[in-house]
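Next come the structures, one after another.
Note that chain A is present in both complexes that follow, paired respectively with chain B and with chain C.
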Partner chain A sequence: MKSGRTLRLAWVALMWLALAAAPFWMPFVGGYTALGTRVLVLGLAAMSVNFLLGFTGVLSFGHAAWFGLGAYGCGLLLKFGPPSTPLGLIAGTLLGGIAGGLLGALMVRRRGVYFAMVTIAFGQVFYYIAFQWSDLTGGDDGLRGFSRQPLQLGSLTIDILSNSNYFYYFVLVCFAIAAAIMGFILRSPFGRTLIAIRENERRARFLGIPIERHIWIAFTLSCFFMAFAGGLYALVNNFADPRGLHYSQSGDFVIMAVMGGMRTFWGPLLGAAVFVVLQDYISSVTVNWMSFIGLLVVLIVLFFPRGLLGLVNRRSVA
Partner chain B sequence: MSPEIVIFNVTNGLIVGAFYVLMALGLSLILNLSNVINFAHGGFLALGGYIGWMLTPYVGFWGALALAPLATAVFGFVIERLLIRRLYGRDPLYSLLLTFGLAFILEDGSRSIWGAQGLPVSVPDILNQPLSDQFFFITGYRVFMVVVVVVVVAILFILLRYTRVGIRIRAGTLDLETVAALGVNVRALRSLNFAVGIFLAGLSGVLASGQLGLEPTMGTGLLMPSFIAIIVGGVGSLTGTLLGGLLIGVASGITTVFLPQASEAIIYVIMALVLLIRPRGLFGEEGMMT
Partner chain C sequence: MSLLAIDDLTKRFGSLVAVHDVSLAVEPGELRAIIGPNGAGKTTFFNLISGFFAPTTGTIAFDGRDIGGLSAHARVALGMARTFQVTEIFPELTVFENVRVASEVAAGYRLRLWPSAHESAEIRRSVEGTLELAGLADKATRLVGELAHGDQRAAEIAMALALRPRLLMLDEPTAGMGDQETYEITQLIRRLHKDHNLTILLIEHDMRVVFHLADRITVLDQGQLLAEGTSAEIAANEAVQTAYLGKVA
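On to the complex of A and B.
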């Protein structure tokens, strides 16, 4: 037990080391820094989905909506408001988080497959809004005409716009803060209660836990994390895409979480890394990347439902 | 605003609603008995359309209309046996992901085999005549589609109400365990039920291709409204799904007259209202809302 914990700590330390050094080692394995930035952002998004899926036991298949709202909120503020990257991120996080929290109150009335169905349908609302309201959002072409701004720390200016390594470290710091908050919540009594709900909802209800309220709070928190990741994604691309709100994007996030291991905290990050690299690679070799991703999903579901880290964990326990 | 425009959009809404109903009934059957959200339903729809297109040179339009849905249903049956059946009883997450992956494969497969370009589909001349000069947009084919949908839905409801298999399917929706305990082969029942759902998708595909032509993504756009038809009508109630589909079809048709940009949004507004006022859906049974 003790050695397992030490081993786990060693792995996490190694992961942070690898992340911190990514701009230096990635070029040697055929990667580039922007790829690492995307992995971090999509990994954070997959972790936010998993906050709900893996730790509360509630499947939302419409989380791309909050991701996309974060991206649009961030982009719109940078385009029409003060040119400040942190303000843009805050605007995106608030937009996606509040919208998700409000609609979440409607959605938590259902459970199981039907909850998934309602989340998909509500998520699509924002896809259509982004698609139709072209005066504001640019419609099908997406939101353009903004870019991330250099950071001002007192007299110090960090140019995250043109230096991709600086931007990577900025995203890494954001990622670390979000992951720390998420981990802190999950270790708190509230987080333990969520896990109790996941394990046995009926028993948790008998213990007097207000299930609906807990699920709603978890949903809302997850929306805030999601929107924060979405805001970062807008900064990565200097662009917000309506397809980022579509339910197939939500599906991608769920795939990343399941592929990495949805009962583990870091699994979704690993899943995102594998997914992004595979997608990058496969779409460069064949036009039929959709079939490959589809086949991959089918194989994971049938043969590796515990995901990559789930596989490792089980082995170390046995 | 001339009355023609209003009638045009309301008929359009009815026709679109008829497709929502066919899609949603198939989805609903599968969801009720197997607890599976079939994301690949739109892919099966397109497949039905393409199979019909392949069959037309040999058996003609009428033959294709009869055979293509059956062929699609057989394909669905095989998929259920090989893949989906393994996931019964597991977290619904997995069947959802599986059909999501399947939808990718079906869409990409259709594109590889038949091309990304839309294929035109011709229907017999008898069906292409406008019914009257004044309402020139009401072609025979539009009326024909609605008639086919009405007939098929009526047959489906009669089968479900009066045949042994139909009664078992409805009973299984309410309490599958008891049905199994009574000695019904639930595995076979679920396979058959899945095939019936896919049959409806294939039929929508053949019908829709006569009006809109063929495209690999032709079914994807119908998926979301069909979900909403089920949610609005009330999960577990096929009558609810039927009326839900018609309601959102006509509502979006009417909205097109007054506020074209909102024709898509209106169905989401209806869904939000239903969830707010009556969370179990218009025809949902109490206790079926989980």
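On to the complex of A and C.
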């Protein structure tokens, strides 16, 4: 057991090293920094979906709504409010998190397939709002006319707008903070009640855990993480896309989580990396890139049901 | 005052009356067995008491308080813990982790993000004590899902014990067990009853276990209360022999 723990720590240290050095090694394998930034942001989103799916045992198929709300919240603040990147992120996180928390209170009464259906339905509502409300959101064209602003740290200005490496490190710090909070929650007594619910809802209920309340808290937390990732995504593109709210986007996040390994903490990040890199390479060859990813998902689910990272460590954060 | 007082409890599922006007009083420190043929309504009766579903009519009082309208988790908080006929555990967690969840909930830490070192140590000691009591101390780091059936049952009882219950409800704790496992679980229940003075409500099919353990026995048949008394009284009861023991012999 002890040696397994050491090995896992070594892997995680290696991962952080690789992430920290990404702008230096990525060009040598044919990548570019912005690709790494996308992996981090979408990976954080997939980890947020997995906070519910892998650690609470609840499948949301509408999480793109909170991702998209985070993006629009961030973009709208930057467009109409003070030109501050951190404020934009806070606005996006609050918008998506609070909306998700409020609607989540209605959703958690349903379980299983019914819950998944309700999350799709609520998610689509936001998609159509973003699509129709052209005056505010730009409708089908998406929200434009804003850009991430250089960071002001006292007298120091960090130009994350034009220097893509600086922006990568800004996103990496945001990612690290969010992942640390998420991991911290999962290792707490509260996090262990979520894993208990995932493992056996009936047993958890009869240990005295109010299931609906705990699932709702988990759902709300997951929405906040999701919206934070969405806010970052708006900064990546200087653009918010209504398709970021669509349930097919939710499906992509679930695919990343399942592909990477939903019983593992870092699996969804790996899933996002595979997804984003394949999308980048294959879409330059054919527009049917999704059929290749689909094939890969089928193979992984058939032969490695625990996902790519599930192969490496059989026991996850628990 | 009775710890558990049930009056005229009835549960209908459509036209089926699963439990019909059953009354029962369990005194503090008592070990009460509920027996009856298959389909007698024993598990339904348990489900009503523990809040799995609501009774059609009748009242359930725990320690003098009407708990009929309380949720399952609120009943646990009052001190009622139960196990299930089919083992309900957290299969992918270790024995220690299974019991720790229960200990943390019982300590009121279920929403805690940052327990102090002192609190964590307290929980650890409490879990270790519970595992010792249930005879699982040497299996603490094993995954529960990989244990033998008897040990899984013991782990479920350990989780219930970690809740520090005032009433422990066991639904067929020896179901599916061999002789040795049955003996060990019986000894565990006996220790909990005699040494720890725990009030226990027990559904059981194995008559050796029932006669060995129970202070009093309640017999259900077709959802109704057929008889109640000491082991000797029940063994001598003609109605019980016809309905139940007669079929066994």
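We take it that the second predicted complex is superposed on the first by the 313 of 318 C-alpha atoms of A that agree within 3 Å, B and C clash if a C-alpha of one lies under 4 Å from a C-alpha of the other, contacts with A are read in each partner's own complex, and residues count from 1 in each chain.
Note that in this section a contact is a pair of C-beta atoms (placed from the backbone, for glycine too) under 8 Å apart; a residue touches a chain by one contact, two chains touch by 3 or more.
Small disclaimer: the values here were computed from a predicted structure and weren't measured.
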Margin query: With the two structures overlaid on chain A, would chain B and chain C clash, or do they fit side by side?
Written below: fit
Notebook entry, point to check: Between chain B (first) and chain C (second), which, if any, makes contact with A:Pro210: first, second, both or neither?
Noted result: second
Checklist line | Superposed model, angle subtended at chain A by chain C and chain B (C-alpha, nearest 10 degrees) | finding: 80
Margin query: In the overlaid three-chain picture, which partner chain does A:Met256 touch, first (chain B) or second (chain C), both, or neither?
Written below: neither
Notebook entry, point to check: After superposition on the shared chain, which partner residues are touched by A:Leu221: those of chain B (first), chain C (second), both, or neither?
Noted result: neither
Next item on the list: Determine, under the contact definition given at the top, whether A:Ala65 touches first (chain B), second (chain C), both, or neither.
Entry: neither
Checklist line | Of chain C and chain B, partner touching more chain A residues | finding: B
Next item on the list: Could you look at A:Leu270 and tell me whether it touches chain B, chain C, both or neither (first, second, both, neither)?
Entry: neither
Check: What is the contact status of A:Pro189 with respect to chain B (first) and chain C (second): first, second, both, or neither?
Finding: second
Notebook entry, point to check: Looking at the superposed set of three chains, what is the minimum CA distance between chain B and chain C in Å?
Noted result: 11
Item checked: Intersection of the chain A residues that touch chain B with those that touch chain C -> none
Next item on the list: Flag every residue of chain A that touches chain C in the complex, lowest number first.
Entry: 1, 184-185, 188-190, 192-193, 195-196, 199-200, 202-211, 214, 217, 263, 318
Next item on the list: Using the touch rule from the top, collect the residues of chain B that touch chain A in their complex.
Entry: 31, 35-37, 39, 83, 86-87, 90-94, 96-98, 100-105, 107-109, 112, 224, 227-228, 230-231, 235, 261, 264-265, 268, 271-272, 275-276, 279, 289-290
Check: In the complex of these two chains, what residues of chain C are touching chain A?
Finding: 50, 71-73, 76-77, 81-82, 84, 88-93, 97, 100-102, 104-106, 109-115, 141, 156, 159, 163
Item checked: Residue numbers on chain A that touch chain B, as the complex places them -> 53, 59, 61, 106-107, 109-114, 116-118, 120-122, 124-125, 128-129, 132, 247, 251, 254-255, 258, 288, 290-291, 293-298, 300-302, 305
